[in-house]
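For reference, the structure I am asking about is given below.
Note that the chains take the letters A, B and C in the order they are written out, and that residue 1 is the start of every chain.
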Amino acid sequence: MRKSLAVVMVSLLALALVLSACGPKPEQPNGGEPKTKTVGGQLVLGLTGNPVTFNPILSTDTTSGAIIGRVFNGLVRVNETMELVPDLAESWEFSPDGLTWTFKLREDVVWHDGTPFTAADVKYTYDAIKHPDYAGVRKTDFKPIKEVETQGDYTVILHLEEPYAPLLSKLTIGIIPKHIFETTSIKDMKENPACMQPIGTGPYKFVKWEKDQYIMVEANPDYYGEGPYIQTVIWKFYGDNQVMLAALEKGDIDYMGAIPPDDVERVQQALASTHEFKQIPQNGYTYIGLKQTDPILKDKLVRQALMYGTNRAQIVEEVLRGYGDVMHANLTPSSWAYAGDVLNPYEYNPEKAKELLDEAGWKVGADGIREKDGQKMNVKILTSTGNKILESALLITQQNWKELGINAVVEYIEWSVLCAQYLDVAKFQAYALGWSLGVDPDCYLYFHSSAAVDENGQLVGFNDVEFKNAELDELLERGRTEMDKETRKQIYVEIQKIINEELPYVFLYRNNTPAAMHKKVKGVVWGATGPLYPEKWWIEE
Amino acid sequence: MSDYLLEVKDLKKYFPVRGGVFSKVTNWVKAVDGVSFGIYPGETLGLVGESGCGKTTTGRCILRLLEPTSGEVVFGGQNILELDRRQMRKIRKEMQIIFQDPYGSLNARMTVGDIIGEAFTVHGLAKGKERAEKVQELLKVVGLDPYHSRRYPHEFSGGQRQRIGIARALALRPKLIVCDEPVSALDVSIQSQILNLLEDLQEEFGLTYLFIAHNLSVVQHISDRVGVMYLGHLVELAPKDRLYSSPKHPYTVALLSAIPVPDPDMRKKRILLEGDVPSPLNPPSGCPFHTRCPKAGAECRESRPELRELSPGHFVACHLA
Amino acid sequence: MRSYIIRRILQMIPLLIGISIVNFTIMHLAPGDPVDLLVERNATAEERARIKELYGLNDPLPVQYFRWLGHVLKGDFGKSFVDGQSVSKTILERLPYTLYLNFLIMVVIYLIAVPVGIISALKQYSKFDHIMTTLAFLGQAIPSFWIGLILIYFFGLKLDWLPISGVGTIGLSVKTAGFWATFADRAAHVVMPVAVVAFGSLTGVARYMRSSMLEVIRQDYVRTARAKGLPEKVVIVKHALRNALLPIVTLLGSELPLLFGGMVVIESIFSWPGIGLLSIRAILQRDYQIVMAINMMGAVLMVLGNFLADLLYVVVDPRIKYS
């Protein structure tokens, strides 16, 4: 039984309908198809970071990602409900054992320099990532691929070591042109001029990049899909968020993606007539990681008490000013595998928290701090400097925990020190940070026991809290090898339930950052994690 | 007495003292407080006193390098304090000054030739080659070599620099030169050379000197008459011999006793003044000297003694004299 | 004099090597490296270790240093760890912007500060002097980013007189808009950054000028000049000012390296693509090659600036001679 594309598509569609109840609704562009879409015009976007490279397989930063997304295409792309839909691949099928994936490529795609796009480019891209000299960070993602085979110019077959469902989401990575990059060795790929002046297949062609000033792309008339309508897109660089905000108000830029929460109200009033304000849900969350082997934190009752005893709703209301959601487990509402209501919401209940702590044997001492077997209930939370929102959230947490009789101390450490001396060697009692998540719900590297610390004390994956649960291990393994999406969803709901019950972390919140888009920009599709399909936007002055 | 070349009448110079956030004037330092005297043409008047007594300020006020608070400075029958800037610049040809510090008084960035010659240019007296010749002549007059005119001040010793300063002061052929402690900064061995030079020049050019010094021994050598200042006041003024042989003011007596005597066998009673000079910010009432005067009585504390002529030409401001 | 110059230049070599060793060591002792900071928490420890090996970041420090020194002696500052671009090219791309901005700032500061300082000194304790003193305190006390944001808010946003960031309007050039329109556009963009920095440092230079002038006008040679019967203007300009400018000239010499250094705060507020922005980012990313190149450029300029200041002394002050 081969799962054809049609089956995949139908199941995706069904899922989309189910999810629309809990996930953010995809916006319909102004009540369906408009009559005319204007071609031309210029869109100016604000940019705070400095792009590092426009090579999709080397890039790790979101700033570069914004430009790469318009210039390059992967075999698949993410739609408004975070599902994978065809892009350069027209269709694909998995062998029943999940070891052979066959992709049929579009035949009407050309690179921006006019060279036809073929299966050789796909093979080159994936082989480059698997090359020993490859200097990017995607190697782990592509490890399950044993071999990339091409059949003719338009068929790519991936041979896998073992079934690995999350791989499909990794194929969103932009395909790079073989004929351009084969002139440099894989080791020196970074130095290829095309990393700075990219040649892709996307709706927009790179024009120029004036460092720390602006990046300009223009419409690609040979683009294979619908659009693009807007002729020129410019990212203008701003070194300071407040200045970017002023630029938005002045009309220098048409879109700003992360308005500081404190300024939203004022700006919203000032620009009500000209701009549309949206919340962009972030597919990531902030949490307090709890070392599972710590004498205090190893007790599940204590961890649950911390969850009950932290007023997370207040943090979202006051610190994020409502621009966020309380998190209960490790997947955000943006994901198609989000468990939703079946999770224990741990609503703020200090009384319950105190009961749990009493039950765990931690009694309030003379100084108001709980103690057990002569040990005081002291918890040291490490965090990095420079994140104002997290700092405020931890202040509330610290106060909440104090009321429970827990003496929590927050220590602020510079990012690189925090990484090198605490996180990378998995030595801490608790720490507060955030994860940004991929499209696939797979979280093997975060919670599988084999992703914890090896016998040499080396951290293998990201399981620095050393969470170990045999049932979860088994589910995580199944989640990776199971190819059926509906079954996978059930597996990940189970995983979330276990995590929600066992609590490797105190889950805090995820941000929904406020964004503003000028009303002259039409056709914007607001997806689960921001505006989508820029090639379909147009400008109506 | 109109035969004075220069007459100073009730000269006062008060300096403001500032304080507080806005630098408001909170008090006055009475550096010179009503000084009167005259200088005859061709004579040398010595002006002596401890540092801070106002003698230097008096010298600068006479030349209007400081603007006096009140009083008159009559030079050649004219009160120069009434002159405007242009008239004043003209009269500067007639009165010059030699400063104490031979290092600070010469602009380090100018050659000796320029320092001396600048005045010729400004007053339109000479320029070009003629100026250079005049400068070289002046250098010869003060005992330097003509080729020195191309050098910079730092290339000279203290005594040589003071000669340059004298040459500069002489350049415009002034009638009066205020010598503001011209030898105090020099080695003792050089001092007499400079003093002799000044005496020779006085003879040659018919100069009149106001010679300011802080001890009586230097003045004794060069002066015709000597005035003694204390805390902004002139306390005694007399021809040199009279002053040195029969000083009338207790302060003058004390100063004289302080002159070292070259003969080691000669023993002399030294009068040691007790206490410090009172602050001119807060001068004592009555006689300014009464706080340190060994003879002071009740009257001295209450009223200030006026300068009186005890014998012809001998003036003293003391109730007890 | 010639032997002095040669000696000084020879002395610079060990000095610069010493500086480079110290810089290199401090930078590598700082926690984190380009790979860690670039990938943040997106890659496993194993993957990061592999990339570090590729870049030679696991070699002993002396090996890394001599490899770097070897390249530098051949005139090659290497390639950025972060984006793989030539370091010299990256710096040269930005240098003109930094020079342009800082040169204008210097000119404005000195053109205003010197006369203001002179007037303050000549009219000590006057209203003008008090106002300048107050402004000097304000200029040094108010953080420049705050002034920057205030100016952006009023002149950029509320009054809409000036552009708020960047060096020029995108797409506007001599070719598209003609010389004068381009000139006006570039000038409008530079007004606020120059004003903010000038306000911060101008008053300091003015105070420096004031005290220098005050010191000089109390000198006997200024009295001498007056006693000569020189007009007041000549006394002030020829005798007092020339001497009072001496320390200012040498201050300029020591500020020369700053001209190339760029200013982090101003460059990031006004999105000015200069060295300051590049260096702060390189430091945060531990982009060793760029940090080293900028540091060494700074060190060379500092050493040369001091040397030039010393030579300048000889020109302006006849008392000083080197042998």
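The rule we apply is simple: a contact is a pair of C-beta atoms (placed from the backbone, for glycine too) under 8 Å apart; a residue touches a chain by one contact, two chains touch by 3 or more.
Note that the structure is a prediction, hence the values are computed from the model and not measured.
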Centre-most chain, if every chain is reduced to its averaged C-alpha atoms: C
Result of counting contacting C-beta pairs for A-C and B-C, higher pair: A-C
Euclidean distance of C-alpha centroids - chain A vs chain B, Å: 88
Chain centre separation in whole Å, for chain C relative to chain B (CA means): 51
Chain centre separation (chain A, chain C; CA means) in Å: 40
Contact footprint of chain B on chain C as seen in their complex: 125, 130, 219-221, 223-232, 234, 239, 242-243, 316-319
Chain C residues within the chain A interface of the complex: 30-32, 36-48, 50-51, 54-55, 79, 82-85, 90, 93-94, 145, 149, 152-153, 156-157, 160, 163-167, 170, 267-273, 277-278, 281, 286
Chain C partner contacts - residues on chain A that touch it in the complex: 50, 52-53, 60-61, 133, 135-137, 139-140, 187-191, 195-196, 210-214, 216, 234, 236-240, 242-243, 246-247, 249-250, 252, 414-417, 419-421, 423-424, 433, 435, 445, 458-462
Complex interface listing, chain B residues touching chain C: 18, 22-23, 60, 63, 65, 85, 89-90, 92-93, 96-97, 99-101, 104-109, 115, 118-119, 122-123, 152, 154, 165, 168-169, 172
